[in-house]
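Read the structure below first, then the notes.
So that you can tell them apart, the chains are marked A, B, C and D in the order they are listed, and the count of residues begins at 1 in each.
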Amino acid sequence: MKLTFFLNGREVTCDISPEMTLLTVLKELLHVNSVKRACLQGECGACTVIVDGDAMNSCLILAATVGGKHVETLESLGDSQHMHPLQKAFLDTGAFQCGFCTPGFIMSAKALLDKNPHPTEEEIRYGLSGNLCRCTGYVKPLEAVKAYVAAQSDIKVNEDAVQAVKAAAEQMGGAH
Amino acid sequence: MIRKGRGIAGCLYSLTVPNAPNPCTANVLMREDGSVNIQMGIVDIGQGAQTAMCMMAAEFFTIPVEKVRIYTADTHATPYDFGTLSSRLTFVGGRALLNACQQVMDVLKSAAAMQLHTLPERLYCEGGFLKDKYDPAKMLPIQAAAAISQFVCRKMPMGQGEYYPFNVPADENGCGEPSVSYYYHASVADVEVDDETGVVTVKEIWSAVDCGKAINPSAVVGQCDGGTLQGIGWALGEDMYPYCTHNDGPAPEFDPDFRPRNLSDYPLPTTMDAPEIHSMFVESHDGEGPYGAKAAGEICANTAAPAIVNAIHDAVGVWITELPATPDKVLRAIREKQEKEGA
Amino acid sequence: MYEKQDYEVIGHSRPRNDAPGQVTGTVQYVCDLHLPGMLYAKPVLSTEHHARILSIDASAALALPGVHCVATSADAPDYCYGVTDHDTPCLAVNKVRYKGEMVACVAAESYALACKAASLVKVEYERLPAVFDPRDALKPGAPVIHDECQGTSYEGNLLLAGPGKTLKLRVGDVDKGFAESDVILEREFCTNPQKPLPIEPFATLAAPDDEGGLTVWSTQQCVFGIAEHVASIVQLPMSKVRMVAPAVGGGFGEKNQVGTEPVTALLAKLTNRPVKLELTTEESLMFTGTKHPMYFTYKLGAKRDGTLVALKWDCVTGCGAYSSVAKLISGKVAFWGAGPYLIPNQWSDVKIACTNKQIGSAMRGFGMGQPTFALEVLMDMLAEELGMDPLELRKKNMFRDGEHMSTGQAIRASGIGLCLDKVAEASGWGK
Amino acid sequence: MLEAAPGGKILAGGTDILVTLNGNAVPDDLTLVHIGEIAELRRITETETALKIGCLVTDTMLAGSAAVEKYAHALWQAARESAGPQVRNRATVGGNIGTASPAADVVCALEAMDAVAHIVGPGGERDARLGEIITGPKKTSLARGEIITELTVPKGASAFEKIGKRQAMTISIANAAAWVELEGDTIRALRVVIGSAAPTHVRAAEVEAALTGQKVSRAVVEEKARLAVHSISPLTDQRATQWYRTEVVPVMVARAILAACEQGGWNT
């Protein structure tokens, strides 16, 4: 069975068997590195990709149903030379530890921010509630998204908001 | 009706494995441009051990961290390490690394002494230079010393370090030294208990870890955040055998086939469950540890559960002595209390 | 000795050295590794809590085109491992001891094919009575789980630990202490088997190299510790087995015991092809270890002014189907049950009982979380009894530098006071 | 509209069926008919008295539509609180009904709103209430090849309450939805549906009878809500014990009714 879809803007054609999920196609056939395989039950969010603007678990999408659609993975945001500001925000706040859930987290954050550029804290938590992380307690990842939103907002970039995130960790006692 | 409560808890933790030798070894090589290669058998599972080792080496040689590269966890290319467990990597790995760095420094100092016509003991390292204590004019960049040692003195600036943490298995009466250092942690939890449904929500939690010396502060704070949320998960609902914790014998509802098989039934906390976590660290500076550092990883998961149970008592006046404090147990305890007061 | 001073690099936050790779998705974990000619493995987990294995029929599975091998314990008969007691097989040997234990493992061309073949492996069980509560396992007449290692490692279901079969601490005289105490509190506590559950489940890729050895990439926390077990199952000298841990997606203790490494290495040796075994989270939940559930009886004696005089704690630890790290963890429970407080008389008695539950593995806290829960709740109960502020009660009895712990060790750089003050001040305790 | 596929199953969002297929052997005779691309079924239209919801409408579309929030508040809350964002972007209303899980949040809200499903099949078209379609856990009365195409949800004041093991991505331990028709402060008509406390969603008939015609007040509603215990038959499972469900269902029912009245204009 032939499948044609757009992966990160590039048209891709591959030969799949009908019962393959999009995750299997991305991992076993196309060797996409950023999409992670973990729970296969649509509950951990590590395999989150953006399909036509919506964040979805690629382990619950039958590959045959994405014919002609636009699938975006973390590789579409930018590489280490020229990073997307959202990636830079996660880097600067030291938001991740083991980094296994990072790609899924950033894709969910991007999908959330594409629809709602200035979310409140509650909306950020609600938008990222489909991504599980065991290392960070979600403190710094949420900080990173808030710092990105602050940096992107139209009002003059609030320098001390981004600095506060850095200073908070360094000041002895690190109290937020 | 939502009732508020606050609870506190403290904890001790003994570093390193108590009753077995658990050494760590490190190889360090300085190249002629002053950059450093480290090989260690440690495994970085996300706690930031690699970054901490690079920072310690950079501090020792007073060179930028970017010039230090570490390769870990490969039995054919890295020297032995016991394993990433019982909070030992920063302490034991750090000491092993610094022993190896000291060997490299001795080689560099002897080469610099020959170049500067002074004695190796008079040299000290500062700002990327080897300087003479008594004659400020005599100074040599570190990379120059490395090049001279390698190509002129025919001595490769490399070193191997190991560190066996001192431990004597303790006997029945407590005599012995089960651990080389101890670190501490405390947390205060604010909870809200809905006394109609028994649901406990942690609103805010402050937790401070005694890490001796914070090598990488944001990593220490990160470890404290993650450990606190794991402790909250343990306290409120994570259970592989539901209904198995019952003080007087197995619970009537216990059924071994109730084991959760997916992440919906095993309630790992999500972003909506995570409270306001304020993680902090205090520095008690243990001279035994590398630069006074102890550890930060494991202890943060231990005090959240007792602090939450104490807070539940403060809120609704019931003692939950069987973890997890599920809504079922909290509501049962509240009903019993109401009956006792009512009767 | 390192004196206290400010440093150039240390003490200043830095992102992790592999952070750029993390945020751009280039960091490689085991699930991202692919080798040409790689086979996919799928485990067959036991569906019985406690049963004798009568037969394993893999003929239907092997008949499928593209299925290369179905490994069972017959392929590695004399392989046994364990951290303290050698009682754990890689694949169940003539008996399964917990539901989810690996009985066989299939290697096939694709993961879907491996799943299909795994469902065709027929395992015939003869169900045996099972016991789940550690306290029931110690009662006479309970079904015996380890009948081979009786006398050496086990006595009935009691794991023999320490000289007197149980782990004890005898400091001072608790009876005299309780006699002198004004207030005595005795409560029971128990803690639940939490799962470390890092988001990345166990995954191993084993590939034969051209020198007759093996290279094994795996999600593990100690490369050297597990290399020894892999070498013994494939009967190769350690020099021929290269263990590598690429980026690991969290461990929290679950990955420092043996997991899927030996069985994947065995499959690679049998098929002479690279084999990748990746557990799904559901298999990881069923097969790998949990925090040890513990059942405490704590008895604390104190004076009216809050000075702690005597503490006695008995504990039954459920180590699950195999011993794993139960002895090390119970050793810490037996020794450090008194936490960061000076209590002159301390007695403890810790028994370890095996049950037909998942193996108790190391988890973040390694045996300190459970007694801390019991003691800290008991301290608050005592504070309520004495009408004292819980913070004051703790600060009255906590360790102080220069003194000795009740078990004799010197107290150096004690930070418990600093921590308590820090969180009390930050949270506005008492206001 | 749809040719009957022998031995086949209908694939809309796929968030339930693929969980069973992933990591397990795929049955040989399974044929999936993917209807996800039919645009007409993926629309919410508003009429004078009701909302017409296509079977392919996803939870995210429900949670994002102002009309649903205003006129079918219970459905809006249920869609917001079920599963996680990624699953809500794919899970469809039709699929939710087809899976017929006794704990389903959206089905609970729809039944409270007295939604009518329009079913098309080889035997022609018919309308049916959800109570008739869902006959047991994971069992529906849909004949082979029949498919739900559209739901008609009458407008009204309603609310939904849910309790789970955690705040997001959790299957309900107990959920309750209430629809109310107010006249000033008295309840003219009331419908209450309780989920995951019986093999299927059940109507709390005694509570409805007791409260119809009553004046709304917190005390009366909480007192009468205790009657809900008679219409449920909860079990103990890995999520909650029978005792707990019996204790918590009246609380959920009371809260749902009071919230529905508030949404209907009753000020406390």
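Heads up, the rule we're going with is that contacts are C-beta pairs under 8 Å (C-beta built on N, C-alpha and C of every residue); 3 or more make two chains touch, one makes a residue touch a chain.
What you are looking at is a predicted structure, and each value in this text was computed from that prediction instead of being measured.
J.: Identify the chains in contact with subunit A as well as subunit D, in label order.
T.: B, C
J.: Go through A-B and A-C and name the pair with more C-beta contacts between its chains.
T.: The comparison resolves to A-C.
J.: Centroid from C-alpha atoms only, then distance subunit A to subunit B, rounded to Å. What do you get?
T.: Centre-to-centre distance between subunit A and subunit B: 27 Å.
J.: With chain centres taken as the means of their Cα atoms, state the distance from subunit A to subunit C in Å.
T.: Centre separation, subunit A to subunit C: 32 Å.
J.: State, to the nearest whole Å, the distance from the C-alpha centre of subunit B to the C-alpha centre of subunit D.
T.: Chain centres of subunit B and subunit D, defined by C-alpha means, are spaced 47 Å apart.
J.: How far is the middle of subunit B from the middle of subunit C, if each middle is the mean of its Cα atoms, in Å?
T.: So the centroids are 18 Å from each other.
J.: Residues touching two or more other chains, restricted to subunit A: which are they?
T.: Expected reply: 19, 39-41, 43-44, 94, 97-100, 126, 128-132, 134-135, 169-170, 173, 175.
J.: Two or more other chains in contact with one residue: find those residues in subunit B.
T.: In subunit B, 45-46, 48, 208, 214, 217-219, 227, 230, 259-260, 262-264, 268, 270-272, 278, 280, 282 touch at least two other chains.
J.: Please list all residues of subunit D that touch 2 or more other chains.
T.: Where subunit D meets two or more other chains at a single residue, that happens at 19, 22-23, 26, 84, 167-169.
J.: When you draw the chains as points and link the ones that touch, which shape shows up: line, ring, star, complete, or other?
T.: Contact pattern: complete, every chain touching every other.
J.: Across the complex, what residues on subunit A touch subunit B?
T.: Residue list for subunit A touching subunit B: 39, 41, 43-44, 93-94, 97-100, 124-126, 128-132, 134-140, 142, 168-170, 172-176.
J.: Give every residue of subunit B touching subunit D within the complex, in rising order.
T.: Of all residues in subunit B, those touching subunit D are 196-199, 237, 242-243, 253, 255, 258-260, 262-265, 267, 269-273, 327-328, 331-332, 335.
J.: Help me check something: in the complex, which residues belonging to subunit D touch subunit B?
T.: 19, 84, 163, 165-171, 236-244, 247-248, 251-252
J.: Give every residue of subunit D touching subunit A within the complex, in rising order.
T.: 11, 14-15, 18-19, 21-23, 26, 32, 34, 36, 60, 83-87, 89-90, 167-169
J.: For subunit A, which residues are in contact with subunit C within the complex?
T.: 17, 19-20, 24, 27-28, 31, 33-34, 36-41, 43-44, 46, 73-75, 77-80, 83, 87-88, 90-92, 94, 96-103, 106, 132-135, 166, 169-170, 173, 175
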